[in-house]
Amino acid sequence: MSALQTVKFYQTGTFTVGNRLLAPEDRSVQANMQRTNSLNSGHRACQGCGEALGARYAIDAAMNATNRQLIAANATGCLEVFSTPYPETSWQIPWIHSLFGNTAAVATGIAAAIKVKKQKGQGQDVRVVAQGGDGGTTDIGFGCLSGMFERNDDVLYICYDNGGYMNTGVQRSSATPSAARTATTMPLGPEPGNPFGQGKFVPAIAMAHEIPYVATATVADLRDLENKVTKAMGMRGARYIHILVPCPLGWGTASQDTIRMARLAKETGVFPVFEAEYGELTSALAIRRPLPVEDYLKPQKRFAHLFGKNPAVETIARIQAQADKNIRRYGLLAKETV
Amino acid sequence: MDKPFAITLNPGSSLANHTGSWRTARPVYLDRLPPCNNQCPAGEDIQGWLFHAESGSYEAAWRHLTRDNPFAAIMGRVCYHTCESACNRGKIDEAVGINSVERFLGDEAIKRGWKFAAPTQESGKKVLIVGAGPSGMSAAYHLRKLGHAVTVMDAGPYMGGMMRFGIPKYRLPREVLDAEMQRIVDMGVTVKLNSKVDSILDTMKAGGFDAAFLAVGAHIGKRAMIPSGDAAKIVDAISVLRSMEGEDKPLLGRRVVVYGGGNTAIDVARTVKRMGAEPIIVYRRTRDKAPAHDFEIEEALQEGVMVKWLSTIKQAGDKEITIEKMALDDKGFPQPTGEFETLEADSVVLALGQDVDLGLLNGVPGLEVTKDGVVKVGTDLMTGHPGIFAGGDMVPADRNVTVAVGHGKKAARNIDAWLRGETYAAPPKHEVARFEKLNPWYYADAPKTVRPMLDIIRRQSTFEEVQGGLDESTALFEARRCLSCGNCFECDNCYGVCPDNAVIKLGPGKRFQFNYDYCKGCGMCVAECPCGAIKMEAEDI
Amino acid sequence: MLKQCEGSHAVAEAVALCRPEVICAYPISPQTHIVEGIGEMVKSGELKDCEFINVESEFAAMSVAIGSSATGARTYTATASQGLLYMVEAVYNASGLGLPIVMTVANRAIGAPINIWNDHSDSLSQRDCGWIQLFAETNQEALDLHIQAFKLAEELSLPVMVCMDGFILTHAYERVDMPTQEQVDAFLPPYEPRQVLDVNDPVSIGAMVGPEAFMEVRYLAHAKQMQALDLIPQLAQEFKAVFGRDSGGLIRSYRAEDAETIVIAMGSVLGTIKDTVDEMREAGHKIGVLGITSFRPFPLVEVAAALKNCKRFVVLEKSLAVGIGGIVATNVRMAVTGMGLKGFTVVAGLGGRAITMKSLTGLFEKAGRDELEPVTFLDLDWNVVNKQLEREKQVRRSGPAAEAMLRDVGAVAARNY
């Protein structure tokens, strides 16, 4: 890299998808005319679906990193339903859907089979990705996920977090943010929306398993996401990437704002973007233009009850405090390290 | 594989499902007009040539630039670059240093000896151009490119017109000027110097010209009535600057009072400073009301030029002058205060503006002159006399090199059309790419590169160029700061951010295409296009 | 090679001879000794090219098996009782996806009350899950059925449960004839999957199927089990050719040629029944036995044929369909529909209750006299039951029935409420 490239210009830097003046090998996977489009056109995701985008970003990157030697296991959920309704599938890679809560274990089985086949000289070095939404990961699939982590099975698990059970009609999951309206946490009563003090942040729990690699990412920073997937595929053992994928339907945002919402989540500190190895934080993607959480909350109808004539100032302050805690804990205002 | 029925499916088969039918609005690619291009008096495609410069393709950039303006090296020095005031990047950090990149390209062209190609076909038409200044030489360039035989006649001994006789060499080194003039001559343009045209009609007739472009410039310094003694030395700024080009340097004494607040006043003051004199500018209004560009005032002050703001000269003697203090009234006009001061002065240089010598137009039927003493022209720059066009300082417009160069191009296009019996119709302008149409997230923080300045001691004593140029790395950096407003720069964002893979990448230089079979019309490509080169259009449903 | 060993060990060795590639297990009694045995063989290197995965639950065990089987690996797991119930969602999924997993179910009761002893409630609860279910009578048969099960599963692309009675078989030391690796290799070819996750030929497995095709998918699963009705006896024949003994098949009759009464049962209890029948035959009773090896698919035609000459049948089963009675009996009754046979259901041995020859003799004699109730609970302590029923009639908060009854039989100290 020349000194010039210390500045990320769009021609050579990392903010845009492509960088026409970068050496081809340094360009993003998504910029490639021959990218795999692992998730093909014709899927039935909603307009502006963050999960469809995140899945293609991640799986294409994994395909690229493994020289297309990849098998994916998929949890029940939006991604599964919109990609594989009989008689058509959008997946261009070997892919299996078993159940809602067992994806990590299915992937373990795939990895075990691959290992034996390779040992026997009957197969190539094929790699495994498991993927699911936040419900399939942080709730119903959590047991299998933790087991896969603990055994350090050779699986990259990718969670596409849109903060709820969107496929079944936007119900609350353990990844639904505080105060958010869902079909099961209506904005009613003394504590409207999803209660504070509940839910879990699985990346931190994954770190507690001391697995080789844990990372978070969003669909707003493609290069970061691709780098993390590529890095993960360069490692062995249990790996976990948690990708924030805004859901226009569940969040009540405009379909064109999906990337913008992910960007705001990161820039406000609501969603920390970092990586960790063997339980230790190794880097964080710095906030570039610090913003108050209102900027993130306001465009979303699921937080509409916090605004209006009598804004819920205290509730907003509590969400701001959560973001501030993320900023402190993950060092999000430090100089950019990536 | 003998696949189990229904539960196991063939890869990628969802292509059969055309999700484009969900769409209520469709994205459409478009080009919007970058504000710099919109602003440029010479009609340069600034974003277009910066695009090439970004990749280090400097010759391609220079060739793109010179499609509109042949004088990159001159422009890069003397253009007041209003494009930079319009630049959207100014709303992020600072405007792109368009002018400095332009100069870099112009200097590269001179250094590398890049030439303009002579036309491949001759039109058989002859055009006379009067005046070898920026407007005339610009017209010569464009007309020659179009295959016309061009003769330029100028009263002066050198090419360049006001670029030579009005702009000091510390701002525009003469070898730069000469190089860019000569390059046009090399295209096969005939230039006749020391050839004053006294009557345009006679000259046209004698030379068998089919059309003429008049661009004689404003070389006559305006005078002001200042009561003065016989011994008082009062000269005009233009003659001072012109005499700098010859053997006989002006003799103005030690204390030189320059009267006026325009760029010429500054130029003269800075020039005499370099000759060892002590210039003092007297101007009737305040610095912020002065027509000179503030950066020029600032540079002059740095170099030790003194200024008496809010002052008028009441009387000039042979060794001193009397000035009256002025005060601005509530409308901003200077009013006399009755307070006087005496200043030591060996000479007074009047820099109060210039007039055009319209003598060559005597007896031209149909031609009209305005009350400001310039020639009336239509939007096509044709005078009231068919086939005679005029531009630059001769016509009602801002007087600067860039405007003049723009006139040259515009006149050339209209003359070309007129010669063919047609009317030139400019292509419709695209809507301007306003800042609101951009997604500035994608542009990295990158402060403007500051051009080096000559150290102050040498600025006070020599005519070396004050402002330096960028080197290759800084020019590249500066070029890459361009936002490419309204024009696809193939960042691949639309291709990348589409959740439905409904954008087809056509390959380098070929941009993209929507695949409406699958585009659901979410609008993400529009929202995430950094430069505003996509818009949504409602579908007919 | 003849050897004296524990049933679990025999199965472990047999499974190892089948060259499994992925084995996953979660401990639950009485299956533990099987997977412990295989685990040891993998760890020691005796069983090569096999991944042994200690999972965190039975649900994970079946899920790992789904993943590995779909990737073309010969896959085995074992479970029992609560464990089987815990993996049910994945059990259905494995058969729905048509993955030829072989699983031992060391049959055990289902709680509450929690009970670790043998009956058939666990596997019979999964009678409609789409798996083939084979019941072993002896340790030898358990061993043999595993070898057959892999071949059967892989031929049909369907999962197979080999059911063997917990403790009674799994923990019993018996003499078995352990086949050689050459014999097993001769019988069981390497696994060639019908569908596989293959980077060179990618497919999507596990699509969402709507009303337009779901019925057909389900029918095809049924059709495959119907094919198994032909394949199971065929494999038993092939097995005999290689190994020289009868093992497996759909059903097996014992002294039933002229029997007026035929006792029908599954699993190890057949041994006790046969001993009882031998004695009763000595005493002149025209009684015989029909053992059902294949419970799924259920051999309706074969059962009907086996019963066509008898006057009555007694289904003795270690399971209870609460609210109706027998599970096996219901299936048998379907087989004999229209044959005008008298049939008795006997629920016996739940939760490990001993089934004695004495009780059986009394039971069968009564059956021979057609004096049995349609549903009989063998050796039920009516005193305890009646007492509890009475207590519940009188006291609203009568407390937990199980504990109260244990108190009645004196198994726990009395406490005052």
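Should a chain be cited, it is by its letter among A, B and C, assigned in written order, with residues numbered from 1 in that chain.
Note that a contact is a pair of C-beta atoms (placed from the backbone, for glycine too) under 8 Å apart; a residue touches a chain by one contact, two chains touch by 3 or more.
Note that this is a predicted model, so its numbers are computed, not measured.
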Problem set entry | Which of A-B and B-C has more C-beta contact pairs | A-B
Problem set entry | Central subunit by CA centre of mass proxy | A
For this session: Just give me the whole-number Å value for how far the CA centre of chain A lies from that of chain C.
Result: 44
Problem set entry | Approximate Å spacing (C-alpha centroids) for the pair chain B, chain C | 92
Problem set entry | Centre-of-Cα separation between chain B and chain A, whole angstrom | 50
Seminar exercise, completed: Residue ranges of chain C touching at least 2 other chains are 97, 198, 202-207, 209, 213
Problem set entry | Residues of chain B whose C-beta touches two or more other chains | 6-7, 9-11
Exercise. Multi-chain contacts in chain A: which residues touch at least two other chains?
Worked result: 83-84, 86-87, 89, 91-93
Problem set entry | Interface residues, chain C side, partner chain A - complex | 21-22, 24, 49-51, 53-57, 59-73, 75, 89-90, 93, 97, 197-199, 202-210, 212-213
Exercise. Which residues of chain A touch chain C in their complex?
Worked result: 68-71, 73-74, 80-81, 83-87, 89, 91-99, 101-102, 105-117, 119-120, 124, 126, 143-144, 146-147, 150-151, 153
Exercise. Which part of chain B faces chain C closely enough to touch in the complex?
Worked result: 1-11
Problem set entry | Parts of chain B lying in touch with chain A, wherever the complex brings them together | 6-7, 9-19, 22, 54-55, 441-446, 473, 476-477, 480-481, 489-493, 495-502, 505, 507-508, 515, 517-518, 520-524, 526-528, 530
Exercise. What residues of chain A sit close enough to touch chain B in their complex?
Worked result: 3-4, 7-13, 15-21, 28, 30-31, 33, 37, 39-45, 47-50, 52-53, 56, 83-84, 86-93, 222, 248, 254-260, 263
